[in-house]
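By letter and in written order, the chains are A, B and C; residue numbering begins at 1 in each of them.
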Amino acid sequence: MYEELARRCLDGEVRAVARFISLLEDGDRQAYNAMSAFASTIGHAQIVGITGPPGSGKSTLTDKLIGYFRSKEKKVAVIAVDPSSPFSGGAILGDRLRMQGHAVDPGVYIRSLASRGQLGGLSKATAFALRVLEAAGYEIVIIETVGVGQSEIDIVKVADTVVLVSVPGLGDDIQVIKAGIMEIGDVFVVNKADRDGADRVVREIRAMLETQAALKRGRSPSAGPDTLASRSIELLHHGQTGTQAAAPVEQTGLEDLPPVMKTVAETGDGVQELGACIVSQFEKARQNGALQERRLRSIKAQLKDIAAWQLMDRFADSGGEGRLKRLSEAVYLRKKDIYGAAKELTAALVKGEST
Amino acid sequence: MSDSEKLKAAVEVWNAKADKTAARFPERKQAFVTGSNAPVNRLYSPLDTQDKDYLESVGLPGEYPYTRGVQATMYRGRLWTMRQYAGFASAEDSNARYKYLLAQGQTGLSVAFDLPTQIGYDSDHALAAGEVGKVGVAIDSLEDMETLFAGIPLDKVSTSMTINAPASVLLAMYIAVAEKQGVSAEKLEGTIQNDILKEYIARGTYIYPPAPSMRLITDIFAYCSAKVPNWNTISISGYHIREAGSTAIQEVAFTLADGVAYVEAALKAGLDVDDFAPRLSFFFNAHNDLFEEVAKFRAARRVWAHIMKDRFGAKNPKSLMLRFHTQTGGSTLTAQQPENNVVRVAIQALAAVLGGTQSLHTNSRDEALALPSEDSVRIALRTQQILAYESGVAETPDPLAGSYYVETLTDSIEKGVMEYIRRIDDLGGAVKAIEKGYIQQEIQDSAYAWQMGMEKGERIVVGLNKFQVKEASPKGLLRVDPAVGERQVAKIAALKAKRDNATVKGALEALKKAAEGEDNLMPLILEAVKVYATLGEICDVLRNVFGEYRPSVMF
Amino acid sequence: MERKIRVIVAKPGLDGHDRGAKVIARALRDAGMEVIYTGLRQTPEQIVQAALQEDADVVALSILSGAHNHLFPRVVELLREKGAEDILVFGGGVIPEDDIPFLKSKGIAEVFGPGTPTQTTVDFIKTHVKRS
């Protein structure tokens, strides 16, 4: 059944893809085994991660980006992640609402996933769901998630291109993109750019990116008037506005910094440019080797995780709980030290012994 | 001891006694609350109202702040307008129903349009399939409007039209029909609902995004103040907000916040407040909690008078008066034992009359099941007539004034409303609060709380969660002939074959240009309807220029 | 990980009365289900595509305009065309009792009229959902 399902996924059959993703979500181990059918399609799609705070218009932006990629005749899949209710474990997934205009387009697949209170588990399922989607022939896969915590960042990290969405008027603007998140952004978007304060948010992001770049190069932001950081602060307070909607903000000679774009997703303003920018960032990364490096790093991290899961699975399957209990008691009764007990456990695991 | 001290002492003694009684014979509930969950005390006495300055906060009927009503003599002078919302199937069918209602003594018309019409689609649009003529009459072109009012002299009736996003188009058609009857626009009386904000909040028949929608509305304000002076250009509606599950306080608060947004938009468009404010009208719901509902209407009038005077500096007394239409609460009707709905409607209608409504629609008993049948509509109208002619409640203005309970409730609703309006102001006004989903979410929370209260048995609905019976399925429900859709489609095809299509194209081009600029769109829409451009064609032109609204949904 | 029941809550047709749909969406969430809310003005084609892509177990439809006899059966029909007859479809709203036999004959599993407690709907889904 699983092999059959995997084959139907490779044929691009929507129901099979949908079911396969559910099985991954449910942690079905046989489904994970059947992933071997997709070994040859890995890396076929461009994975785009879109994240930003609630109310930043991510879903509408995603909806418009689907339109952009469809106009380039690319098949597009979307995974939209929303939190589960901590009380009932249920969820209301509403991101799809904004994208329903594309529901009947056979070149578009949209899937909503709930975090189910286990973002770690979800990031695992999401990473594998991507593989299913590219196996099914989708050329662009967009992952949309609320950028509020480390786990959400983990989900979006598997992307080839990460788009961070910000918006004016959410109170303390710069809080919207906390320092930890800044680092993973390849493209920055200030959405709802027709609102007051959009240019200020653009300047603040630029300033933060410059500061970050300066710090990376080992210069202190307080080292003197010539540093990038001091210039960015200057820019922050006295900077010119007049940046064109939808145009990459002037780069002030720092070519390597990620572009900061302005969009009004509701009207579609700036979406063409954003779409083109996402593609060009990807191409650039492919040419300069950053993409390969990133994908390898991602595979390496996943490989390690999966190996650990497999070990734990084997452990659980072979009644490892009994050995674990015995060793724990030994430590408790001061018969063994905990590090030694762990070594014993590992050795047994590797040998495949359990009791 | 002063009178007040004596009273205070007496109340203290009484409270102690009542506590003892309650200890021996426990009260029915732990906490008594109104329909909107506001606490209800065991006792109301002069102590609750003695600190009020009567003239300032209550005043006399017909005088600021209009707590007691907008006219001095109220129903002693003229009864409220009995106006039953009706319309279904084709223009011919609805025309017959209007003539029936007028013959039964109804004094104004109220037109219900079908959903394709309300969303600006012609009957032949793909999304109209299955919907044509279902919840109201299908109007595709001026031709249908001519049929709808055939034999009804438009200088003799006042007509209310429940139309919002395409309000300009339907108003233009009404003006054009009147012109053909030889009635000039200055003589027309009536109302268009034209309240797009509550569509975003609660009712869902929006087309365009907020900014161009507000422009269409202020265009109508400006046009009518010059050309159709007796027309009520908007009916700012709390009805649907309440139906969506809000409390009484939320109903008033969100409606008045919408009102503030319209006034601000009109001022921004350069209109003078006293030019358009007298033509603003309101539309509220009436639910079962009699006293709270009466207090709600009184509080609404008072808050609006304060807003118009203090916030907008209106001078004309008419600008300060909140005039409103009331409809009894559709969501309070049960599909179970539908006869009981007659009683609910009577209580709700009583609340509206005691609250000083200017016009009233009473729901029919079968509306939780289908569109009302002719028999049901007659009973609903008779309910109003019994209140007017037999009950005696219309014989003096605001008869509940001075009730310690009602005055206290009025004050507490006013307070709750003001708090919400402040919060909405902080969010940047009603439009912003809607875009952020704040208002919708507040309503959803109330709706869910109400539903859960009912399921836990904390709220009793007779026949629904208590006193149920096994019953046979009701007979004699009105059914709309499914062939209406096909007939409308055929009519459109015939119209497009016989009209002067070049002229239509020209009119639509001109409308498009104006929409891209800043001119008032009303005259161009009027030109287009006169040459028989269809509703869908006109709305499509504007859709292409303005874009379409996408809701923001949160849970 | 435990398998969650996934439900599409949709409003076919043009009516904008979504109070019931939203209350149901919340109640199903509070009963531990995953609800995909598709909002107003959905065509049967859009609803069916959403159900397939989302791997839904259930499609819950709400309509108050009277267009149910046209739109509800169309949803079932399209699901069958796609080989998804295992998806449970039920409806709610203002629906005359006389129409219920017709709707059931067209594959609508149940019709919930006004005033139905949300718990009834929750229980119905739990007993009738076809996939374990």
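Simple rule for what comes next: a residue touches a chain if its C-beta (ideal position, glycine included) is under 8 Å from a C-beta of that chain, and two chains touch if they have at least 3 such contacts.
Bear in mind that the values here come from a model prediction, so they are computed numbers and not experimental data.
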{"item": "Topology of the chain contact graph, where touching chains are joined (line, ring, star, complete, other)", "value": "complete"}
{"item": "Between the pairs B-C and A-B, the one where more C-beta pairs touch", "value": "B-C"}
{"item": "Whole-Å gap between the CA centroids of chain B and chain C", "value": "30"}
{"item": "Centroid distance [mean C-alpha coordinates] between chain B and chain A, Å", "value": "47"}
{"item": "Junction residues of chain A, two or more chains touched", "value": "92, 94, 97"}
{"item": "Residue numbers of chain C (touch at least two other chains)", "value": "25-26, 29, 37, 39, 43"}
{"item": "Multi-chain contact sites of chain B, meaning residues that touch two or more partners", "value": "551, 553, 555"}
{"item": "Complex contacts: residues of chain C adjacent to chain A", "value": "1-4, 6, 25-26, 28-39, 42-43, 45-46, 49-50, 52-55, 82-84"}
{"item": "In the complex, chain C residues that touch chain B", "value": "13-19, 22-23, 25-27, 29, 37, 39-41, 43, 65-67, 69-71, 94, 96-98, 113-115, 117-119"}
{"item": "Residues on chain B engaged by chain A in the complex (per definition of touch)", "value": "209, 436, 547, 550-551, 553-555"}
{"item": "Residues of chain A that touch chain B when the two form their complex", "value": "55, 60, 92, 94, 97-98, 266-267"}
{"item": "Contact footprint of chain C on chain A as seen in their complex", "value": "14-15, 18-19, 21-22, 25-27, 84-85, 87-94, 96-97, 100, 103-104, 109-112, 114, 116, 118, 121"}
